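Across the two complexes that follow, subunit A remains constant while its partner is subunit B and subsequently subunit C.
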Partner chain A sequence: MKGTADAYAARKPGIRDWRRGAFVALCIAPAFAFLAAFMYYPIVETFRLSLMRSSGLGGEVFIGIQNYVRLFGDPEFLAGLSHVFSWAFWSVLIQLPLAFAVAFSLTFYMNKATGPLRVVYYLANILPSAITAMLGKFVFGPTNGIIASVASAFGIDWLRSVDFLGNPDIAFWTVFTVATWTYTGFPIVYLMARIEQIPREIREAAELDGATGWNYAVRIVLPAVSYPLRILAVLSVVGSLKLFDLPYLMTSGGPGNATVTLGITLYRQGFVNWQYGKASAIGVVIFVLSLAFTVAQFSWRAKEPE
Partner chain B sequence: MKNSMMSSETRMRYGAAESFATVLLVTLALFVLVPLLLPWMFVFKTQLEYAYDPWGWPKAFNTKNFVDAWNVVQLGRGFRNTLIVCLGSILCSLPPAALAGYVFAKYRSRTTEFLFYAVLVGYFVPTQMVLIPLYKMSIAAGLSDTLQGLFLPMAAFNIPFWTMIYRSFFRSLPNDLAEAARIDGAGHAATFFRIMLPLAAPATVLAALLVFIGAWSDYMLSLIMINDQKLFTMQLRVAQFLNSYGVDRMPRYAAAALISAAPTVILYLLGHRWIIRGTLGGALKE
Partner chain C sequence: MKKALIVAAALAVLGIGSLYAAGGKDAGAAAGGKVKLTVWGRDLGDGEPDHAYVTALVKNFAAANPDIELDYIALGDPGLADKTKIAMAAGTGPDIFQSWGGSVMGGYADANRLLDLTAELKDVPGSAAASGAMSWKGKTYGVAPFFAIAGLYVNEGLFKANGLAVPKTIDELEKACDVFVAKNIQPFACGAKDKWPPLATYMYLTNRFGGDAFGSAQSRAGRFDADPFAKAAAKIQDWMKKGYFGPTPLGEAYGDAQQLMATGKAAMQVTGSWMCGQFSSKEFTDQTIGLYPFPVQAGGIGKETDVMGMTDIGFVATKLAEGKKAAVVRFLKYAMSAEAGAAEPGRISSVPGVKAPSKLTEMGAAIFGKAKMVQFWWDQDLPPNVTSPLNDTIQTFFLPQTDVKASLTSFEKLAEEAMGPAKK
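Moving on to the complex of A and B:
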């Protein structure tokens, strides 16, 4: 035990091994150089800028918390905030149960079909988001979209006239559907990995006791993955806070503010309106919210048995 | 023997439920696969064929759309830029992560543990949060509209995760070999480069693979950092084409999409086991 803690502890106690110290310093220097330049400094700078009136033209005036005050009166930001939370809510409510059902069935029933299927579900997850957005637009597009074409081929007029991307009441759900298509692969493979860690004997014992597949899923597997499910829920929330590519590429946040996310408001404020101060305040909001959820995850992690 | 007995017993017991579940799983898999296969229906058609009969069988297999995508959509130039970004990202994120991960695994002290957590913090920082300062910095440093301006921050965002993976990989390696080398007079650096780093080849291959896929697929950071069309990456080209023509020019667009998705899909099909394990690495460890 003692030997494994530090393989290269200084051989002669009492004499400081300067070579060892120099080696350690040289090894961690490159990583810290990158992090300092592209992460630590920008974080501090974001906080500072969020207190300034600052535009792309240059010039900074300290205005205290006015950026934040204005944000909470800005319909676009509020739309982004509420979309992020309803996005997270529906992800947890729809994607996670779906992922659990798929992961359970794939691990519970081993046959010729379920083997290759394991590879399929994650495939949509690996696509570049620009391609996913294109496929989404193509399926839900108004004129030549697949749904519209099929609907007109079968003469289903009401379906053909649905404007999946242009109707503000529907656009959010269209983007959400495409996201479910691409993002559910991750919880599936994650849950599968966790379910496979459950010892075989437990299943054998359950079968000897006459447990049905449903009983086994609900009474044994579900409790066993309750902690991974909570982690996945946190990842969904943090992912929603960061959401940008899909809604931006599919609808640019529109029509109006119908599919705006926090990521898109930040982009619009920072790189369309050139309001650096306001955009930085949005960055701080994203950071604080994701930090809060991540800390919650770690406190669960600490409580997890074993 | 026990296993085969188990499974035949299981089959009898769950027969109906298993068939039902399998049918549902296959249906869901089709929902995943069909949109992926759609571009193939259009990619061999001319624009005229597509306009008159989008769903019919193509009259001839013409590959002109691929050529057009490469030249007119300028994927060829985008390909060069994307490749530079991928290589730069790999070269700038792997060495710092390997070195730091090694020290955090094998030179543990109160200081290095603290520094490890300082690195780990970076893993939880959303890229969105730092976009404005990154953009301002890249202008100040003369890196705006350069490919370095894109792959340097990209590498920085990869470093925390891969430091974590390298750390747990090096921790799983026994110390005996390194100690033997030390007795033979090898210094700290020689032990790392000659003994430990070669042993970490699986982690390095995995890191290179996933960093490549990430850099290849990136959209948001590229959108912010690159405004000069000559430096557009493939994904920016695809998005630009999508925005200007929508799906009206489907055949050419389908070709562009197939080309720009191909490397990630091929790498996934070849190495899905590794890719999934690597992606889960951070979530499953510790």
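Moving on to the complex of A and C:
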């Protein structure tokens, strides 16, 4: 590649002059200006604000790292931090194996239903969060929810009295269940695409060698999709750190702090409590954690086998 | 190469030009020399009964004022609060926005984002409580055509069927609740999932136990974990344990609570008079519902005439409208007119001469009329940085394992950070 570039430069020596530089700069300028205005500046500003006491309406006061110190003594923030890590852990442990199982089944037993089923599984993923939350409430709601109605109709009192969204011991799992339904669609489609790339000859050879479906799944398909699974795991973790919409729409982070996430805490501090400094500090924490996992993702990418 | 450079430069100039054109347009000027007023509202102008006032206001004001182009943008809740906050921080926003007044409005006033209309609005007729809610530090920034009070909505049919009278004391209230629990009827519809709905109940209970304990804590003469607050919190927790709020109090949102009342599955609800229209509507409910003062506590300090309430619908002008003050004042005065208020099917009007549109509104207006003390919603009267924690704290009273005193002490610590230490 380098040789080609050198040869090109040798044939066109004038290309290196200032006009080339100016042209390149001009081409990059709009994109850079856009990124600078809408990405780099907000990031820098967020870092700056995280060191201030600010209501967002002027009168900022520099308070050093006090916002961070207060955050780590704030039960809501700590609950949010704990929940996003729990969410990430269980997403990787439940959603990804589930996605693999479905993706493998759909590709292994490929038939006329595979296409429609692929759409059905992915459909939940493209629904707006507001609709998903409404459906979740429609199922788990305490007054008119499907479960409560069925329990009432059949006289199952213990089930009727289960408060899926209002019991702090259950609410997290209720929201997570709805999330699993909606968020598993993407990994299924992604893994299916990868599994379908495995040459058919490999499966035929495995069958000739007497491999069962389980053996084929575990010894051939799983290693073949290990890299996509790692990427999906990282995406799940980063997505969990930024989680906001579904828990907010279903429970507003409650009851108490039972389903609060870092995103919900940030929203409350910034938009409801008028504490831009503290909200910015939460934003920085989310940014740093997301960056750490993104760096991990890139380092894994570097190790991907050719 | 030269040609490409020229093309790129031309594109850049065009891009900058279009950005300038988009941002440089005079937002105050409208076509045909009209003055353009931008109003951000919470209520949709969709003709639903509870939006009837806003719908008529926008339509009729535009018809009566052809020299003003009114751009009403409905943002809902919390959309209005969020967008206003962002816009105010950036020094942009509408000319007028819907507001409940109080400390949130006060925060904007302190930041010099609002238009002082004290002189222009001083002769606008309205209740003292309503104009008080739209004033901050002696200056008036807007109007409140409707004022909400919280009271005890009672399903009169259920009470009659069970041989019960409308409770006047908390003891009577508890006895009625026990009767309903025994008959598998939920005594209270609440909507604690949404956090803010139990506030009215908690405010009343605190008042009934300790009078103006809130005023004392707010002025920092007392603490937010003082006896009346703790007793009221313990009472809510006790009621929750006894099943007064039903089996799933934290799973029920405010909309669920409305449905429980509308369908006769719950006997009572403590909420604002904005529900008068819906609870009077035969399309919404077939139950007979009345609105009564919150009961008093035997031996307590708070009286029946101590009422909790605040602006129901209000409008505030921003500093951005300084150049079109006349148009703004015309809009605000029209919003306060009997003509505009006539479209409202349920809320309590602050404007003299507007007839109560329903029996429930009459009952609410009677409670408001007898009020000797009106306490604004705490979550609109405290500094914004403690209002969300306040509602979070109240929600925890619905959890059986919560130590309510400790919960209130945690809130007091937040209050100390925001408002300074209490004197005792």
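We adopt the following convention: the second predicted complex is superposed on the first by the 277 of 306 C-alpha atoms of A that agree within 3 Å, B and C clash if a C-alpha of one lies under 4 Å from a C-alpha of the other, contacts with A are read in each partner's own complex, and residues count from 1 in each chain.
Keep in mind that, in the parts below, contacts are C-beta pairs under 8 Å (C-beta built on N, C-alpha and C of every residue); 3 or more make two chains touch, one makes a residue touch a chain.
These numbers come from a predicted model, not from an experiment.
Enquirer: Following superposition onto subunit A, is the placement of subunit B relative to subunit C best described as a clash or a fit?
Expert: Aligned on subunit A, subunit C clashes with subunit B.
Enquirer: Touch test for A:Glu76: subunit B only (first), subunit C only (second), both, or neither?
Expert: second
Enquirer: Going by the contact rule stated at the top, is it subunit B or subunit C that touches a larger number of residues on subunit A?
Expert: B
Enquirer: Looking at A:Ile126, would you say it contacts subunit B, subunit C, both, or neither? Reply first, second, both or neither.
Expert: first
Enquirer: Of the two partner chains, subunit B (first) and subunit C (second), which one does A:Trp18 touch, if any: first, second, both, or neither?
Expert: neither
Enquirer: Looking at the overlay, what does A:Asp163 touch: subunit B (first), subunit C (second), both, or neither?
Expert: second
Enquirer: Pick one for A:Thr294: touches subunit B only (first), subunit C only (second), both, or neither.
Expert: first
Enquirer: Given the touch rule stated above, what does A:Asn144 touch, subunit B (first), subunit C (second), both, or neither?
Expert: Once the two structures are laid over each other on A, A:Asn144 reaches both partners.
Enquirer: On the A-aligned overlay, A:Gly254 touches which partner chain: subunit B = first, subunit C = second, or both, or neither?
Expert: Second partner only.
Enquirer: Contact-wise, after the overlay, does A:Ser55 reach subunit B, subunit C, both or neither (first, second, both, neither)?
Expert: In the superposition, A:Ser55 touches subunit C alone.
Enquirer: Is A:Val272 contacted by the first partner subunit B, the second partner subunit C, both or neither?
Expert: Only subunit C is touched by A:Val272; subunit B is not.
Enquirer: By the touch definition above, which subunit A residues appear in both interfaces, subunit B in one complex and subunit C in the other?
Expert: Shared contact residues on subunit A (touching subunit B in one complex, subunit C in the other): 19, 23, 26-27, 30, 141, 143-144, 271, 276.
Enquirer: Enumerate the contact residues on subunit A facing subunit B in the complex.
Expert: Listed in rising order, the residues are 3-8, 19-20, 23-24, 26-28, 30-35, 37-39, 41-43, 45-46, 49, 102, 105-106, 108-111, 113-114, 117, 119-124, 126-131, 133-135, 137-139, 141, 143-146, 149, 153, 181, 185-186, 189-190, 193-194, 204, 207, 213, 231, 235, 238, 241-242, 244-245, 248-249, 262-263, 266-267, 270-271, 276, 279-280, 283-284, 286-287, 290-291, 294.
Enquirer: In the complex of these two chains, what residues of subunit A are touching subunit C?
Expert: Residues 19, 22-23, 26-27, 29-30, 55-59, 75-76, 141-144, 160-161, 163-168, 251-252, 254-257, 268, 271-276.
Enquirer: Which positions of subunit B touch subunit A when the two form their complex?
Expert: 6-7, 9-10, 13-14, 17-18, 21-22, 24-26, 28-29, 31-33, 35-36, 38-39, 54-55, 92-93, 95-97, 99-100, 102-104, 106-109, 112, 115, 118-119, 122, 124-137, 152-153, 155-157, 159-160, 163, 175, 178-179, 182, 187-189, 192, 213, 216-217, 219-220, 224, 235-236, 238-239, 242, 246-248, 250, 253, 257, 260-261, 264-265, 268-269, 272, 275-276, 279-280, 283-284
Enquirer: For subunit C, which residues are in contact with subunit A within the complex?
Expert: That would be residues 1, 4-5, 8-9, 12, 15, 78, 81-82, 85-86, 88-89, 107-108, 110-111, 113, 192-195, 247-252, 256, 259-260, 265, 384-389, 392, 395-396, 398-399, 402, 410 of subunit C.
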